[in-house]
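Take a look at the structures below.
Same chain, two partners: subunit A is paired with subunit B first, then with subunit C.
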Partner chain A sequence: MATFAPASEPPPADAGKNGRAVRKPARRRPAWRRRLFPYLLVAPAVLYLLTITLYPGIYAIYQSLFFVRFDTWTFVGLDNYRELMGDEEFWMAMWNTVVIGGWALAIEFTIALTLAVLAYRDPFIRGWRIVFLLPMLFMPSAVSFIWKLAFNDGRVISDLLMGIGLIDGPLDFLGNVGLARLSLIVTDVWQWTPFLFIIFVAALQGQDPEVEEAARLDGASWWKLFWNISLPIMKPIIAVALILRAIDITTMFTSVFIITGGTPGGTTETISYFIYRIGFKTFNFGYASAASFVMLVITIVVAQLFVKRFFITSRA
Partner chain B sequence: MTANPSRATTRRSFLKTSSGAGVAAALGGGALPLFHLRDSFAQGAEDPADILARINVGNYVDPQYRDQYSLADDDVLWDPAKDWIRTVDWEKVRTELSGTTVRFAIGAADTESAAAGLAPFEALSGITVELVPIPDDSMYDKVLAEFISGAASFDALQFFSPWLGDFAGPGFLAPLDDYAEKWNLALDDFYDTYRLNYGYFGDKGLYGIPFDCDIQMVHLRTSLVEQVTGGPIDKWNTVSTYDELIRLSGEMNGLADGVAGVGLMAGRGFWSTYTWEHVAAQHGMDLFNEDWEPAFESDAGIKALEVMLALQENAAQGIAGWGWPENRAAWLGGQLASNISWQDSGTQGTRPDQSNIVDDLVTIYEPRATLEGARFAPPNIAGSTSCVTASAQNPEGAFLMLAFLTTSSIMAMNEANANGVAPGQRSVLENEKLREVSQPAEVWANSLEYAWCAPRIPGMFEMEQSLGNEINKCIVGRSTPAEALKAGAESWRKIMKRNGFFSGSDPISYASVADATWAGKGKDLPF
Partner chain C sequence: MSTVHPTTGPAADAAPGTAAPAPSRKRPPMTDAERRARKRRRRRSALAGSVLRYLILGSWAIFCLAPVVWFLSIGLRPRTEIITPQPIYWPSFSLDAWHMIWADWPMGAYLRNSVLAIVGSVIIDLALAIPAAYSLARYHYKGRDDIGFYILSTRMMAPAIVAIPIFFLFKNLNLLDSVWALMLVYAALNLSLVTWIIRSYMLDLPHEIEDAARTDGASDLSVLFLVIVPMCAPGIVTAAVIAAIFAINEFLFTLLIASTQNAYTLSVALANFTGGSDGIIYNAIALVAFIAFLPILLLVLVVQKHLSRGLTMGAVKG
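On to the complex of A and B.
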């Protein structure tokens, strides 16, 4: 009996000679889209970062061209900058920042490097590393209040020194320029030395132990090891650490606000406190923005010079 | 519910139409006028007399202080006839305003105590009070930012009275004259210096009700002074001049272990300004002339700074950084033999839970100056006032709340509690029972008739800061008195120019504040 095979369906239009569907040739993405794709992926994060950093910066620069008092904006061009250049208090604040910050940084660096070398070499001191880090974990405002009590309100330091017979009467930490600055330096050193310490310890631990071993076999003392091997290797890291800390110091505000308020007579008023005072006590926002911008430019220029010199030197 | 004929009922359309129906039902079918709602509240509310009966010493004053001064629960430290909360018609208040809300901006630290203190007001008036806490140290800029926005989140606020011009000048505050008249606020019970300087913005009208009524005074440690002088203290004559105070503080300096001769506030900012104004006012200093030109670079102003420098020699360490908190802590802690500070140092010093110098202090009359042109002008400095915002949603309710808080009975009990919020009413400070619990009250009251006060003009907040910075420089030896005051005057001119002065139309006329500046002008001296 004949079977009737169902009539076969007509082949699809895109069928090839053997009736199977032919795969369309893959369309290659244009080169520009391939290059653009990674940027699109990071765009949201970058946009967010730019919004919270670049936008306020540009806004502040724009604002610095105006006399701004809340909602009153009067265009003054570069008058704010002209006034700033002749403002004795601004330059005093800059000088205070350099003096206080410079001393603090120098002392922090010395203590941190010494402790790092000791922690790297001495197993006993290594065990105390976590204790060395503790000050950094406290809130800066709490630390400032404690030191304020110690220096001023509670006269702890004065009483201690009087008790051991070093001084006859209480020290005036707020009435003496040197002592007022010292109180800020001590506060900063106490809290932020651990920051440098932790970086230096990591740098030392990242050294190639074979280099050190070889030098030791040649009879090098620990000091020669440190000076001739460890320190040169650590230079770029030290540079980065110091730059980071220096940038942080230019924003020194909390301790000034709590401990001295800029006294005596403005000699502990750092640039950050100056900007705060102009902005939030005199409400001259345009002038404060101009001061912020000038500070930003100075910080960038100094940091660039420092990095260039340090990295070129170390590479050479 | 009406369905949209053109499409199926959606959730959104249901909600829209049913809410619309609900509103229509409430307005049309219910149609209760608001005063009927208030009336029904008023009928269900407690009798105001019962609520007022509970506003008494027994319920308001700390038991420790009641014991200390043998105060009975029903002792009256004020004049009931002048006590606004006992004279106002609360039924009328309820009828007109119950069910409404008032938003009150208050320093964050005071929120809890304010909430408790306002409960009786809510019960009396039917007005609900919402507290809007604002951080104390940024009160000025936060409040100003809200004012400028045009829609402040509060109806009423309380702030440093020197800022009255800053807020009233640009029109941020509501005038209160009509409310004061309608509700019979006892303004005449306030001493002139408080009423005029904390309440009025020149001749523009009433903008504030005096809240914390301050005066700076001189306080002495009785035992140390008597040790030096060899006899009991005469409040008028033991320290009759500032030269005497300098000499005495020198002799008392170090007399007891850890005790400095004198304490004063000389920190940067307005603290220095306040202390200098205190001393300079006695020397005859005027801040401005009739043209609003700063006039304090005078002999009186310079001499006052020299007095501060001389006192500094015998002062506690660190006064260059002292504000009120540091000064108060040192005085109450017993580290000072004498102190130039507010009157509450004299009250709080007598309380065992606040002070180490209980029974060893006395507040004296203001030392006089020996310079030609000197005067008796006890300094009414700082203090606070309470105001209603121009954008208030419930200005009348806000006014009533402030009138409640500043009423003489509550202020008298504040003084009895030594909480630092001070009364400015004659009926309180002249009350014999109040004087028993407030050590400085008699001297304070007698001094107010001659008080000096800085005018409340726009820009004063900034001006006090800038002058204080210059004075602080002088205190620490970085400038001379003349240089400091010259720099201060220059900064004041700059700030005043920015605030509309010297342009032909001053924000406020000098004549309208001249009389308020020195209440003792033309009066016979009390000594």
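On to the complex of A and C.
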């Protein structure tokens, strides 16, 4: 951290620049201008972000009070919200998001942490890292097509499973709730386990090798080493990594759009896909806006409860 | 590397033989034969552990690589050998898809849209994020943490939540189906990420250099751009690369905003490689996927060391 840094030389670029070193210090600007300066620096970014959060938020609230049919808006009050609360499809989309996201996150976390612990002191760690990273470097839409072809259209997974004698006939991955969800989970696990792996390896490599060495010389097993030394250090990093991954999983859209389209019977429809479908397939924009606003409130609450702690307090 | 893995290497062998009285304090002293036997057992279990370890790592490597290799083979085979009653694992080689994507689809336009939207959005991000990050990292003022958290929290929002209002915003601005709209949206989606990554790198810089520059009479802005920015160049490059990758990946907004080749990017163009009754044209999709993959791979190799730090928005120092 900055406070422990050794005193550094003034940068040569400034000192040498045609006599700047002997120039008098800049005249002091009025206090109010100096106090305003940091706000001015951050203002453009904040204003820019307000246009994609505050403006849409207000717009969504306003639009959610109307029944929108093409260009005619009919005021309906809170009817959209009333309908939404009783809408099974909406609750199902919420539930699907939790189930699919929860499984994907749990699997990704387990695999990534195992692989990271096994690989971080390996002499070939750089090689493993590149290989494990590859799936993350494809566009999510491309990855979705890879697995759509493997699961459904090309029947490769079925063929491989039949080859090793696990099943007798080809599986219909779109016709079965569990299998359809599984194909979304596998797609997500394949592409995003590397995200957690990279972070966990960096965290493990960042710990003091001498502490590890000492523990090992004292006869600590690798499991004790991991549980008592590595894990406590990693906890905040694990939290941050899982939060970031959880955010992206709960907003899952691309793979649903490409692979399942919500089938069978809406059991793979995530909340993002629900909003998209209501808005842009049935053009019921008011209703979709109501759903958006409910999600926005949930996001704000979750962000306040969980996220603030890990990002703000961990770094002064 | 100075250390070895927990389950293998000299440490595991040396520990029981030489200086490990601590764990066996309560047991009776071992005979030489016992000690040798124990050493052998340890060595054998270390070997078994090592084999198991490589087995696990190797399996995952195969799981990562196999779909990639197989998808590449999809791109290089004729269409007739893709969707068949029985999957074909040794297809014939064909460049049909390569000719098709250039002849039948406006690949040039897709590439141009992607590059323009991505580069433009990254430039917007850096222009807004560098001053903001500096303000958050270096100044103390009322509301700073709240502003920082607000910027961060925009990353938490599901894109779908704002999709409809953003769609109408661009509709009213007459910017639907234009690269400009994509540029503005990508910039907005990545701004929090870029700001936080750069902020994390700025926090690490020593104050002394800035103070020295100030004493020399440099203004606040010249301190920022002549002193700070060059010093946190790795952070800025990392942020730019990660923002570019997320922009390439973006799907939902592009799907809503783009409706013709005026604005289709590679990511969404993939979903349009369907030929009516022909269904999905997978070999074309596969090739386009690899066309997008190569530049991403290069970018990631450039910032490899900083990747974990960038992906956690600065929370992990890789």
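In the analysis below, the second predicted complex is superposed on the first by the 252 of 316 C-alpha atoms of A that agree within 3 Å, B and C clash if a C-alpha of one lies under 4 Å from a C-alpha of the other, contacts with A are read in each partner's own complex, and residues count from 1 in each chain.
By definition in this document, a contact is a pair of C-beta atoms (placed from the backbone, for glycine too) under 8 Å apart; a residue touches a chain by one contact, two chains touch by 3 or more.
Nothing here was measured: the structure is a model prediction, and the numbers come from that model.
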| item | value |
| --- | --- |
| Contacts of A:280 with subunit B and subunit C, given as first, second, both or neither | both |
| Touched partner set for A:218, first subunit B, second subunit C, both or neither | second |
| Partner chain(s) touched by A:232 [first = subunit B, second = subunit C, both, neither] | neither |
| Which of subunit B and subunit C A:153 touches, first, second, both or neither | both |
| A:102 touches, of subunit B and subunit C: first, second, both or neither? | neither |
| Partner chain in contact with A:264 - subunit B first, subunit C second, else both or neither | first |
| First, second, both or neither for A:303, with subunit B first and subunit C second | second |
| More subunit A residues in contact [subunit B versus subunit C] | C |
| On subunit A, positions contacted by subunit B and by subunit C | 153, 155, 280 |
| Subunit A - residues contacting subunit B, complex | 69-71, 152-153, 155, 158, 169-175, 177, 180, 260-267, 280-283 |
| Residue numbers on subunit A that touch subunit C, as the complex places them | 1-2, 5-11, 13-15, 20-21, 23-26, 35, 37-39, 41-42, 44-46, 48-49, 51-53, 55-57, 59-60, 63, 111, 114-115, 118-119, 121-123, 128-129, 131-135, 137-142, 145-150, 153-156, 159, 190, 194-195, 198-199, 201-203, 205-206, 209, 212-213, 216-219, 221-222, 225-226, 236-237, 240-241, 244, 247, 250-251, 253-254, 257-258, 271-273, 275-276, 279-280, 285, 288-289, 292, 295-296, 299-300, 302-303, 307-308, 310-312, 314-315 |
| Complex contacts: residues of subunit B adjacent to subunit A | 138, 141, 144-145, 148, 267-269, 317-322, 326, 329, 462, 465-466, 469, 472-479, 495, 498 |
